[in-house]
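Presented sequentially are two complexes of subunit A, the first with subunit B as partner and the second with subunit C.
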Partner chain A sequence: MTAIVEVTNLDKRYAKHDVLTTLNFTINRGDVVGLLGKNGAGKSTLLECLMNLKEPNSGSIKLWGKTWQTLTQAERERIGFVAQSSAGYNWMKVSQYLDYMSHFFEHWDHTYCDQLVEKWQLDENQYIDQLSGGQKQILDVVQALSIKPELLVLDEPVAHLDPNMRRQFLSELMELCCEQNTTVIFSTHIVSDLERIANKVAILMSGKIIHHHDLDDLKNAIGKVSLSGVTNAQDLEMLPLSNTISQQDTVTGFILEPSTLDWQNVVKDLGLSYRYSAINLEDWYLEVAKHAY
Partner chain B sequence: MSEQLINLIYLINAQSGVPIYRQIMDQTTHAIVTGVLQADQLMPSVRSLASHLQINPMTISKAFSNLENEGVLIRKRGVGMLVASNQTSRTISTDTTNALQTFIDLAKQDLSNDEIIALVQQHLAMSRKKGK
Partner chain C sequence: MHIKYHCVYIVQRSFFVLPFIILLALVFNWVLMRGLPEELTTELMLKATTVLSLPVIFCALLFGKGFHLLKSHFLWLQNIRFRHSLLHACLILVALSVAIFCMPVIYLIGLPWFCLLAPLLFGIIGLLGVTAQSVVMSFFWLGLPFFMLIGFQHPATWQATIMLAICSASYLIFTAYFPNKISTKTKNKATNNRRRQLDNTWCNTQVAKFIGHFCHFKTATLTHAMVYPQTKYGFLAIYFAILSGILFWLTQGSPAAPYLILLFIFSCQFPINHETSLHKSQLRPIAHTFVSSQALIRALLVTTDLLALRNIMIFSVLFYGLVNAFIEHPIPLFYALAIWSFVLMYHSIHPLLLIANFKKITLSNSLIAVAIIAWQVLILTLLSLYLPAINVYVYLFASLFLALGVRFITQRFIEKQPLERVLT
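Let's turn to the complex of A and B:
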């Protein structure tokens, strides 16, 4: 596996407030990583550090094995970025903005850009100032995709889009991943989108990545388990259960991460009966968040 | 494969607890058993399915590879994935239907529909792991 992004011992502070603390994180080529975390968790700060828009207090970030300072201009042009808020240029028309941006990127694909503008019904003659929040976001996405990026960094890219536009964007993103083997990291609060398009999921909490899993492995593992016939709570210590609640001889808890332990057999060996129900990623995230605070 | 047929076969529920690759596997197998997909029929490409369903291409590849390992699909170089020649629609026997109905009647006394589905899927997954 080739690491495209390597974050090592990253620290970022705003005044005395620690946002990212000794954060370590690796993304391999072709991975689509969904980044979850509550508001203010530091997702945007992390993505902005990746894009060299914010300087870390310590630690290192390497893209394709290089620090930002040693990346060549050609390598920097392989990175697409959509920020949470638009860059401005409100006085420009859509066509002027895209033309202006195209000059910064040698490999800007004009045909593809035109196709996206037409497909997503952006009016080229409209001033950016007159676009809705969703249209501004689409314009940013068009700009980021038109360079056919090898690495795409997206900060809540679909937050302002209606469901139809969201699906169209996700569809285009998947096309790009197939065509270019693009590596993607995106922050989102829409967990169902993450479940569709990501193959890895990470949770940022208290300045650290506290979970980073292969999505399928995670979904195969997580669930809610109720154990009946429990007489000795210590029997359960070896089980990978979190957030447990006991009621008489029944203990209910959650499996929140993949484990190599064949817990069903352990439960049978203990003479307990169990009931298992799968949970979805949103339930998982909420339980993890509950556990972490 | 037409978009209409893809829509008929695949209905992905990203919010279910079942991993998406397994939903694709199960829905492909179901389409074969019910005759919607025929033996030797060409499957849609990973790219078209990923784009149409808005699903990560690695997830589609994983589902197709697993189905290939199970002998449900075969990979033909330069062509793509085909439904294996020996895969045909099957009539479900009366015994199986009756056993299924008895199981559902019993399970409904304690479990919700979602829990019954999860239970069946969990046991199928365990059977797969044990190579049954």
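Let's turn to the complex of A and C:
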């Protein structure tokens, strides 16, 4: 696997408030990484640090193994970015905006751009200030995709879209990214979106990436476990259980990350009986958030 | 307590322009005090009051912007305490402006105290009028104090003018305090006003859309990402040149005219920084295509420099053309050199404005403002003290080199700043 993004020991402070603390993170070629985190967790800060819009206090960020200072112009122009706030340029028409932006990227694909505009039903003659919040976000994504990026950084790209449009838009976006073998990192609050399109999930909490897993491995592993007949609390330390609640001789807990341990056999060896139920990603995220604070 | 918060909010909104107005007011009040004879005729008293009224009007218009934003809050319509405390705050601020700008001079040169009435009334009209319900009425109320000033300067018309000012100010105060007693449609109008004010760049965007029809990007530059097209093409400078030309012609050597011209010069340049501060976040999707953060910051500086220079060129050429065509008196050398100094000052401190936050009073903003004021005071004091003794050409070159030196320092300082500080 070739690492496209390598973040090492990243620290970012605003005044006296630590937002990111010794954060380590790697994204490989072709990965679609969904970045989850609470409001104010530092998702946008991390993405803006990746885009060199914010300067870290310490640590390093490498793209294709190079720092921002050593990236070539061609490599810089292979990165698409959609910021959290929408397009701006309110006085321009959609066509003018895309024409304007195309001049900053040497490999802008005009035909592809026109196809995207048509596919996502943007009116080229409409002024940007007349577009809805969702349409503005789509326009931003069109702008970012028209350079056929190798790396696409999206900061809450679908926050203003309605559920129908969001689903359709995301699936089409991912198809396009797969066709181009684009590496994607996107932040979101909506776990179902992440579940639908990402192949990796990362959770940012307390300034660190506390979970970074392959989505399929994660979905197969996570669940809620109720153990009966527990007499010795120390037995439970061997098990990968979090957020446990004890009630008489029954202990209920969650498996929150993939583990190499065959916990079912360990439970049998301890002479306990168990009941396992799978949980969805949203419940998992809520439990992780609970566990972290 | 609410009144205090409202006052602070309104002053914060005009924080960055206020020091310039205070400084200019100080300079011109000083010039006024030196130039007036001991025996004052009615005409001289009226002219002196006119000069004193100008900074109050400009302050009131500035405060009007903060007032406008607070007026767009839904509580303006629903909560009488909110509305009244906001209006109290506005009136207190106008009264304070009058006390700061006018009272000391009136005391020192022995003008009668009723001369305070004119600036107070013009200030109230400026502040409350600028928030009128429609664009047309806003322009009407915005222009009214300036036209009143022209009428106020003549012994034959000043009494009628002051009566008109009393009526206008009373009407505006009454309609602001008791909107429902004037019109049953006020609520709808106010709601529309609120909607319009949600985007306080509405007017600029409409003009930009019209001019945008003619924009073709053969080679895109940063200009359109930072300012509206009309600013790019210097329309503002044309507007100010014509306005100041007319004022100069109407007042024929009034002490107020050169004062206005300096303010217009400032107005030609400052909106570029203001618009840039509003728009520079638009650069985020393309910022990474620049070879380094320094390269982007340099490109921003060069673009805004060129725009300001273009504006000032258009203003100067048009204004001098108008003055030469219609006025017999030449513009005094002092003002010509003051304009030159002002342009140089602007460009020397311009990089600092790139990181200034125009909406907040913070330590760094305050330091920038202090640096700017100190720089202006130094230049204008030197100019007024040593002008008779120095050669004009020596002054021109010396000020140019000094400005270049300061520019070098400020630009180096800004280039070392992190990009987030510049683009935020």
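Worth a mention:
Following the convention adopted for this analysis, the second predicted complex is superposed on the first by the 292 of 293 C-alpha atoms of A that agree within 3 Å, B and C clash if a C-alpha of one lies under 4 Å from a C-alpha of the other, contacts with A are read in each partner's own complex, and residues count from 1 in each chain.
Please note the rule applied: a residue touches a chain if its C-beta (ideal position, glycine included) is under 8 Å from a C-beta of that chain, and two chains touch if they have at least 3 such contacts.
The model shown is predicted, which means the values in this text are computed figures rather than measured ones.
When both complexes are superposed on subunit A, subunit B and subunit C end up sitting side by side without clashing. Look at A:Gln73: by the touch rule set out above, it reaches subunit C but stays clear of subunit B. Of the two partner chains, subunit C is the only one that A:Glu48 touches; subunit B does not reach it. By the touch criterion defined above, A:Ala278 reaches subunit B but does not reach subunit C.
By the touch criterion defined above, A:Leu215 reaches subunit B but does not reach subunit C. Legend: residue contacts after superposition of the two complexes on their common chain; A:Phe81 is shown touching subunit C, with no touch to subunit B.
Subunit B and subunit C, viewed from the C-alpha centre of subunit A in the overlaid structures, lie at an angle of 150 degrees when rounded to the nearest 10. Using the contact criterion defined above for the overlaid structures, shared-chain residue A:Glu287 touches neither subunit B nor subunit C, since it reaches no partner. Looking at the shared chain after the overlay, A:Asp140 reaches subunit C, while subunit B stays out of its contact range. By the touch criterion defined above, A:Glu156 lies against neither subunit B nor subunit C after alignment on the C-alpha atoms of chain A.
Nearest C-alpha atoms belonging to subunit B and subunit C sit 26 Å apart in the superposition, given in whole angstrom.
Applying the stated touch rule to the two superposed structures, the subunit B and subunit C interfaces on subunit A have no residue in common.
Within the complex formed with subunit B, the subunit A residues making contact are 30, 32, 167, 170-172, 174-175, 177-179, 191-193, 195-199, 215-216, 219-220, 222-223, 264, 275-282.
The part of subunit C that touches subunit A in the complex is made up of residues 199, 201, 205, 208-209, 212, 215, 217, 219-220, 224-225, 228-229, 279, 281-282, 284-289, 291-293, 418-420, 423. Interface residues of subunit A facing subunit C in the complex, by the touch rule stated above, are 48, 51-55, 68-69, 73, 76-77, 79, 81-83, 85, 87-93, 96, 99-105, 127, 129, 140, 143-144.
For subunit B in complex with subunit A, the residues that touch the partner chain are 12, 14-21, 46-47, 50-59, 62, 114-115, 118-119, 121-122, 125-126.
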